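Have a look at the structure that comes next, please.
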Amino acid sequence: MNFASDNCVGAAPEVMDAIARANDGAVPSYGGDDLSRRVEAHFSEIFERDCAVYFVATGGAANGLALSVMSPPFGMILCHEQSHIQMDECGGPEFFTGGAKLLPVAGVGGKLTPEAVEAALAGFPERPPHGAPASVLSLTQGTECGTIYSASELTALCKTAHDAGLLVHMDGARFANAAAAMGISPAEMSWKAGVDVLCFGGSKNGCMAAEAVIFFNKEQARDFEFRRKRAGHLLSKMRFISAQFDAYLDADLWLKLAGGANAMAAKLSKGLGGINGVEISYPTQINEVFAVFSDGVADKLRTQGAVFYPWVTPGDPADGKMQRLICSFKTTAEEVDGFLQLVRDFTR
Amino acid sequence: MNFASDNCVGAAPEVMDAIARANDGAVPSYGGDDLSRRVEAHFSEIFERDCAVYFVATGGAANGLALSVMSPPFGMILCHEQSHIQMDECGGPEFFTGGAKLLPVAGVGGKLTPEAVEAALAGFPERPPHGAPASVLSLTQGTECGTIYSASELTALCKTAHDAGLLVHMDGARFANAAAAMGISPAEMSWKAGVDVLCFGGSKNGCMAAEAVIFFNKEQARDFEFRRKRAGHLLSKMRFISAQFDAYLDADLWLKLAGGANAMAAKLSKGLGGINGVEISYPTQINEVFAVFSDGVADKLRTQGAVFYPWVTPGDPADGKMQRLICSFKTTAEEVDGFLQLVRDFTR
Amino acid sequence: MNFASDNCVGAAPEVMDAIARANDGAVPSYGGDDLSRRVEAHFSEIFERDCAVYFVATGGAANGLALSVMSPPFGMILCHEQSHIQMDECGGPEFFTGGAKLLPVAGVGGKLTPEAVEAALAGFPERPPHGAPASVLSLTQGTECGTIYSASELTALCKTAHDAGLLVHMDGARFANAAAAMGISPAEMSWKAGVDVLCFGGSKNGCMAAEAVIFFNKEQARDFEFRRKRAGHLLSKMRFISAQFDAYLDADLWLKLAGGANAMAAKLSKGLGGINGVEISYPTQINEVFAVFSDGVADKLRTQGAVFYPWVTPGDPADGKMQRLICSFKTTAEEVDGFLQLVRDFTR
Amino acid sequence: MNFASDNCVGAAPEVMDAIARANDGAVPSYGGDDLSRRVEAHFSEIFERDCAVYFVATGGAANGLALSVMSPPFGMILCHEQSHIQMDECGGPEFFTGGAKLLPVAGVGGKLTPEAVEAALAGFPERPPHGAPASVLSLTQGTECGTIYSASELTALCKTAHDAGLLVHMDGARFANAAAAMGISPAEMSWKAGVDVLCFGGSKNGCMAAEAVIFFNKEQARDFEFRRKRAGHLLSKMRFISAQFDAYLDADLWLKLAGGANAMAAKLSKGLGGINGVEISYPTQINEVFAVFSDGVADKLRTQGAVFYPWVTPGDPADGKMQRLICSFKTTAEEVDGFLQLVRDFTR
């Protein structure tokens, strides 16, 4: 009953097999191998556009490096106040960009609105060179609160950003979960809505350590290669990341794994919602469930071996009482049922 | 009738004279001269404590360099959402610190409260190494809204910061104005209240270009000298900054100049407050007046040669209608009276 | 016949097996798992000292992060002019440290001498705060030229560094090859000789992507964890790096793999040395052979499928004619024999 | 008898007068005043080209900011191993650029040659993204050794740089001294020879604190304004730097002052050269004299009140025995004669 994070489990068997298969032979290092070329091309196919694609091993690297080519070092990046880049990367974006400013913006359920973005920008009237000029709007899909931006919401936000001269970055650590939930094409979820750069996650959804930075306008990738190298994020044996993505993209594995995790979260959310004394905090739209239990229940659950963490962030409406429960591609119906039974036992 | 900023006027005659006097002779460069030594010592005297004192030419340099020794590059600096370091230095603190994160916190009239600081910190629970650890609380005295922290307010804020393991930085670009208004000792306004590092401004109040960074605990100055040098902020002919401060500190000139500016602002504020159709936005405690005029009046005033800017910042309650009027040490009663007459003429 | 680099081959079977085994179950992420703890402890055992050990995926990250805690951002790092940190990391150390200066120092066969280090330091007399203060001496073992520092050479260099107040960093991307060749203990090769921090490489010698940064004085690790995180180098599924090292350290696998590569290089070097018209540039002490062929021979070898690169660096004595041939743990005697036969065929 | 540095004296009377005159009235801050506009235009006139001109208070700021727009953060800047940016700015260029690499290149008398630059570049073959790509060649005119590049030497060096895709930066802290000595136009000394960006110094030659960064191709200035601001180098009362340059450029004051310093250095050099037991180390072409005295003489001179420093740098041929003597615009013939007499007295 581990609901701590989607990165507490290992990799999917298909991914492990691909890694093993990739081990043979001598091939050019640093991404010069054929497999890497082929997988990069597969991304362009899936996204229905000729993209510049770069692989790294962590989401923090993907976000930081992407932002470092999207923003000047003196630029300002707008993001949700609960976003990963603001809360969980120990100042990574500031480091990679050489000192860009992150402007946290509030929003219900982990989501920004065009109005909130406009209001935030209005507080920073252009006064060059005094204020840090806004450069990027960063969106997370699916969000840190387990919610999803609809295609039209994305389109409106991207329009707001572009109208103000900003580029749009999407932290897609759980892009797969959003895609599985929305049932629209990856293109519609990204560049067709106006996203300029997508950090497409694999590590949380069945890969070992694989993230892709996708520039939908290739020329915007600029000096990404140099920045990735000097940040120590160009793997010498790149084939092993490429192999992960090869399996991950093949036969829609990424959507199947994410869909499974989403289904378990839906089951968990529905079950919890039906228990008196449990409150679901946000709509459960991907693989994350946020809930407030009656006093003392969370601790009791933990003594029975359930693993999950309290969710404390800026703007949290629940005063530290909210709990985050994440389902992974490996979460089983039995685990969920067992957990629900425990909650019922403790809540009466 | 220039109320645009306190840095639109030149330097005080006493300061100009001191600069002229300092021009004689060959002396060691880079601050190795006797005058610099003596003026540094004068600061320790005025602040009743053996301090480490460093001179630079701009407030942005003072703040950025101070913060760069107070915070690790991955630290988080809490500041008011309208503070100069957040709004007006084009990402300077991020640059000097090598990427520290600024966390903007809201507060009425440019002032933070212990409760707001605690709430902000509560949103960032310690989860090393994921969240950027809070390192510094930055306060501005007098504030960007022309208000003042009382000694007891400062003491409470510093206690909140220290209890949470943060150091306290004070942006004192208008410290002189606050000091003149409060009538308590510089020591009581700073280290006795808990301030660790003060950026003591001269440029806005009668100096040409002179700011002092004062570490009340000398060992906390650490590698300041190296950082100042590599940032190009160690002036070769340092004597010319020292000379400014020599005159500025002598016979309380700094307090006299600031007191004059404050008095003119008080007169202006009182006058405006008595005019129907003019609304004073914040209490006028130093040399800044914030006011909302009836529609169209501000533009008319400008056509008559009055110079001042609208005040637009995050959290601004007046939707871009608020105007900022600053009095300098050179502002005269005639200027104020003339301006008030114009306002009366246009407002009926 | 791929002699391009030791990172053109995959991972050793034992390492692949360990990765597969580590895939089971839900464990804490970010290195909080038991396996990571155990493997860190294994390092302390092998090095006969209680060390602080951190895992990352690339050598560039290991070097950059290590140097970022060893040097202030305004410090100066002395290194060989052909060293990886100077030539091959696209300015990585400068990036990670926030702007430290690298001072390249010349030396025969990729090796520095105490005399050369002293001469370099003598050119930078202490004049705080004008010159960047020397902070670190970085040594590479085995070197980029396939040579080795003897224990006494290391001891002398470390003494020179320490006497001048510098810390000693060792880039050990090929530490295993040096260890296999020298036959002395890891402790003697590192902290007993005076090395403060070792970047212990796995990726070039049978791992998939695994490097360990080892601080022999734990308190010197300081804020490494924060720096690793914000640089995006803390892997969420850390168990997969730990598993690699688990297998790599077990039963001296690391020494066996390196010893095999060394033996093939020795065979290759001896074979080439016996061919008229081939000149061996540096003593072959680990798994790298540097050779100058007769005109046109290198190109002919390449047309026959041999893969290797010219070696062009500062101070290169051979005007771009030198070729670098690297043997990996997978290189076979047949490959070497086949290559030698080709060389003989083309050289007459 | 102060020959320590050209920044040990104050400012020229004409400059002081201009500063005093500029003190009147309220004008826009941050360089928005008319005087600043006019002085910027004067630079374009003097250099016979429409330039982008920016004022700062120190040479370190000028160099660092200029390089930060000329080089990407992962670029490599070639400079003389004795240059100010390498030896005397405490890593300033690395700081301002966000981590660019400085590659020190040797050369006799502080001067680089096309051959040395080509050889240095040849050691860094293009292997993107592994090596830091060369971005800038930085030249100093007049050099740190008191020598001068002729127009044809400059032209050849700039051609070498441009052919390799580099921009050319000129550290002109003593550009005035070189100009006075060479008797050719400022344009011929800079952009007509191929220089892209010139840091034109005033502080060492009669200004108080005034340096101009001149981009001969305005579009290359890019985001200079933002970088200057966030580095704290945009002075609020900019008029006071502009006023210095106003006087400095007027009626060729800059050339007269520099010519005077040069003449005194020539007199000093000639006098010293005629004394048995004194060796002049470099040709005295501007206002710096480098000399080796007989053992003990330098110390004796110092006891008599002569102020000057030993010159110790990388590549120094004199083993720490060389002394640097600098004449300023204020140095008098009497001072020089007095010093020469002392040398004669002590040297026999």
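Letters are used for the chains, namely A, B, C and D, taken in the order the chains are written, and counting of residues starts over at 1 for each.
Rule of thumb we're sticking to: a residue touches a chain if its C-beta (ideal position, glycine included) is under 8 Å from a C-beta of that chain, and two chains touch if they have at least 3 such contacts.
Because the structure is a prediction, the values reported are computed rather than measured.
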item: Contact-graph separation of chain A and chain D, given in steps at minimum; value: 1
item: B-D compared against C-D, more contacting pairs; value: B-D
item: Far-end chain from chain C, centres as C-alpha averages; value: B
item: Centre distance in Å when chain C and chain D are each reduced to the mean of their C-alpha atoms; value: 40
item: Between chain C and chain B, distance of the C-alpha-averaged centres to the nearest whole Å; value: 50
item: Chain centre separation in whole Å, for chain D relative to chain B (CA means); value: 34
item: Touching two or more other chains - residues of chain C; value: 73-74, 89-91, 94-95, 98-99, 129-130, 132, 226, 229-230, 234
item: Partner chain D, residues of chain B touching it in the complex; value: 2, 4-5, 7-11, 16, 19-20, 22-29, 56-65, 89-92, 94-96, 203-204, 208-209, 226, 229-237, 239-240, 307, 328, 330
item: Partner chain A, residues of chain D touching it in the complex; value: 30, 72-74, 98-99, 128-130, 132-133, 223, 225-230, 234
item: Contacting residues of chain D [partner chain C, same complex]; value: 73-76, 81, 86-91, 94-95, 97-104, 120, 122-125, 129-132, 312-316, 320
